[in-house]
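Have a look at these structures, which come just after this line.
Two complexes follow with chain A in common, the first pairing it with chain B and the second with chain C.
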Partner chain A sequence: MKHDYIDRYSKLESPVHSLDPRAKAIALFALIVICVTTPPRAWWAFCVYAGVVLIIAAASRVPVSYLLSRVLVVLPFILMVAVFIPFMHKGGTSYDLGPFAVSSEGLLVLWNVAIKSTISVSCLILLSSTTPFPDLMHGLERLHVPSFFTTVAAFMYRYIFVIVDEAQRMKRACESRNFRGRWIWQARTVGYMVASLFLRSHDRAERVYQAMCARGFDGTFPLQRESSMRAADYVFMSVVVLIVLTGRLAVLWK
Partner chain B sequence: MHIPDGFLDPKTWGTLTGVSAGFTGYALYAAKSKLNEKVIPLLGITAAFIFAAQMLNFPVAGGTSGHFLGAILAMVLLGAWPGFLVMVVVLMVQCLFFADGGLTALGANIFTMAVIGGLMSYYLLMLSKGALGRSLSERTSLLTCTAVFSWISVVLASIACSFELAISGTVPLGTVLPAMVGVHAIIGVGEAIITTVVIAVVLQSRPDLVDAYSGPPELGKRVAREVA
Partner chain C sequence: MIGLDTREAIRIESLSYHYHDGTPALEDVNLTVRRGESIAVMGPNGAGKSTMALHLNGILSGEGRVEIMGLEVCGKNLSEIRSMVGLVFQDPDDQLFCPTVREDVSFGPRNQKLTQELVDQAVSRALTWVGMEGSEDRSPHHMSFGEKKRISLATVLSMDPEILVLDEPATNLDPKGRRELIELVRGFEVTKVIISHDTGMTRELCDRLIIIDDGRIVADGHTDELLSDSRLLELHGLL
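Let's look at the complex of A and B:
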């Protein structure tokens, strides 16, 4: 596994990548919250949100195919809701689709979750693929997220690919001995694998801690370069929030 | 069970964000004495381990596969509040970097998987372990309760998740509840087997690493028996 598995493409160079993590986080989190609280019938508002996301995506130079493949994670959830749609008969017009009757109410629910989850997931993916993990954690810390979380997450980021590699080595060793993990009673073997993964991870944690102490670790991570909010960051933040808010409020007035 | 953004209405996610923030704040306070610079690497690597272990999927039936929650495992190994905090970090990173679970739904997901499937199930586990411990050995009662409550934790979490979705008007409760609980009753069996085997193996080789175990180390007992 590559070490940039978690934040792939975060080291590209683009106008979006060079923004301060705090500006990106505030702007995109605001977009998500505003989007999620928009009533589903506000079609134009969603066009505005989608437009903003597309512009940021285009400016970020992250490959479109990569973004699309990551956005697909919400698909199972949307399908799950789609499966339940025929059971919703809250009223409104209904359409006959063979054996099922689909109410317009149900379709509205489906549209609601599909558009909101797609826009929100795109925002999160854009944030993580334009900001290196340590920078984002440091930005969150300066936005007053408790440093406990950012420090633990920093360790997690540093070791996740080492441990996943270890897990994959064990999986490969099992598969080469004809274990495929196909049935639920084989969960026992997976249990043995997880147990030895834990013991190895724990040993590693102890070694890492001793090595870090030997190098003067005091519970905090010094940063190589201190980022500061520049004019461009404030402009980006306020432009995104203003456009999105205008889209949201325009609906209220109508 | 990681609910994305847009599936919950503002009153549901707003309330649950508040509740989870309260639990997280209390956890930071309760575990403060334990959270020195020595345990932070351990918690970070445990978080990475739970993350990696969630990648070892086990297929359930008919194409659905379940990966395990790990909340009970984290709490039995690390203790209630440090285990809770590790789950919060895992959910936070999954949300921010994998878009697995939404940002506005983060509070709801913490509530489902770390409060209901974690803390509540863990305290029920410790209560029944205490009750069983009067007639059985510590090791047997811990392993029995781990098996039972790992299953219960997954099922309780799926019930909480169904209610959250139904209260938000996303899916009708009457159909989502049986479907979710049915699937997770099967996934829970896998979770129970894995968690119990992991705890049993760790008890055998490093009993000092299991926070919920206070009995004598197995190896020590064997040595004592042989000396006697």
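Let's look at the complex of A and C:
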């Protein structure tokens, strides 16, 4: 069965792709942290952040439509909650919209959530679509992210499709016997499917662990090869952090 | 190592194993395999073939004694035993758990604490051996079943094992893939234990055959002789 890659476009060739994963991770995480700590009325600072994200995106040659589609997958969840805030929040001037009243304070909160989440999510999507997933994990490992997290993520990357395949096979087998999970009384069957998927995954985990032990696994993952960052990586990192920091500090001086 | 008979690759003495719930899986199994020998293991589903294989490198341990190249399979010898016994699991999705081929094939050698240079050599040697050179950076989940099978083999070949234990190596392969796999395995000059239902492959690769049924070895002999005994095969659900 064919599926989408999690890190599609991560093997393109571009200036951004060729950077060390560590440089990209540090620069983009710095951008996220600086962005979320900026006061919401600092309009110009957000323009600077968005500008940096757009420039990196353009340099990476990843299709804009792909980046947008990914951002749109994550954002609705955040906005669904935030969109009610202007109606609930009291404070500031309020505008009448028929039966509802919208407060300006509330609107500011909505803007705050929307812009910060958009920029943060875009950064993460840029990071994951310009770095092959395994490289990203090794990069994070070298940045001393606990290997527990990177290992779990690496296993997820490896097995998510195996589990999706298994679920699809099971669904087809059910449908071939005229099952359509549509009615509430069919929930029981769906429950069985989920349960058996869990059991199968559990058994598989056991077998994978045995296969690891068979090759001498003793509880610690052997280290990967070392690689060192080049000048270009340091330049990229410093330029991004400097520009973003300038935007952030300019707000303070005003 | 003085005084050990190193001509024996595998020696199993009165091995019994029970599942957690007490169901017996192996009962009083005795088996000796000489160095360089290729033996096939056949038996109906659930007879205990895979369970026996998992005892060969100490993943499971029952009552009785298992020796590999004269070394007892027990806690203190485990890492040495696992370097000597290359066990390839039936489902390549169990065997291949890393995001890239390179990491999977180098997993064993890195656990053996080899230097980076030796690890790299082992990886490229193993991949060339199975005809998959150049696929170091691919992800297993985007490979065909036959390719995954080859990579699975490479993951243990990179450890330079003395004994190769293959659990159903040809199952689910298409005829061409099966033929290529047989040729590949024939080329490995190590002791081989091949668990399979594939009588054609068994005949081609192994002179000796043991049949396991209900946790016991019920026949041990020349492959052609045993395979032509239709009464025996039928009795143990192999025909």
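In the analysis below, the second predicted complex is superposed on the first by the 200 of 254 C-alpha atoms of A that agree within 3 Å, B and C clash if a C-alpha of one lies under 4 Å from a C-alpha of the other, contacts with A are read in each partner's own complex, and residues count from 1 in each chain.
Keep this in mind: a contact is a pair of C-beta atoms (placed from the backbone, for glycine too) under 8 Å apart; a residue touches a chain by one contact, two chains touch by 3 or more.
Please read these numbers as outputs of a predicted model, since none were measured by experiment.
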Give one of first, second, both or neither to describe whether A:F155 is in contact with chain B, with chain C, with both, or with none.
both
For A:M212, select first, second, both or neither according to whether it touches chain B, chain C, the two together, or no partner.
both
On chain A, which partner touches more residues: chain B or chain C?
B
Of the partners chain B and chain C, which touch A:P222 in the superposed model: first, second, both, neither?
second
In the overlay, answer first, second, both or neither for which of chain B and chain C A:F133 touches.
both
Touching A:V74 in the superposition: chain B (first), chain C (second), both, neither?
first
Touch check for A:S201: first (chain B), second (chain C), both, or neither?
first
Determine where on chain A the residues touched by chain B overlap those touched by chain C, and list them.
133, 154-155, 157-159, 162, 204, 208, 212, 217-218
Residues on chain C engaged by chain A in the complex (per definition of touch):
54, 57, 59, 79, 82-83, 85-87, 89, 91, 93-100, 103, 107-108, 110-113, 116, 137, 139-142, 155-156, 159
In the complex of these two chains, what residues of chain B are touching chain A?
3-7, 10, 13, 28, 35-38, 40-49, 51-53, 55-61, 77, 85-86, 88-90, 92-93, 95-100, 102-104, 169-172, 174-176, 186, 189-190, 193-198, 200-202, 205-206, 209
Spell out the part of chain A that touches chain C in their complex, as residue ranges.
5, 132-134, 137, 154-155, 157-159, 161-162, 204, 207-208, 210-218, 222-225
Residue set of chain A touching chain B in the complex reads 6-7, 29, 32-33, 35-37, 70-71, 73-74, 77, 80-81, 84, 87-88, 109, 112-117, 119-121, 124-125, 127-128, 133, 136, 146, 148-149, 151-160, 162-164, 166-167, 171, 181-188, 190-199, 201-202, 204-206, 208-209, 212, 217-219
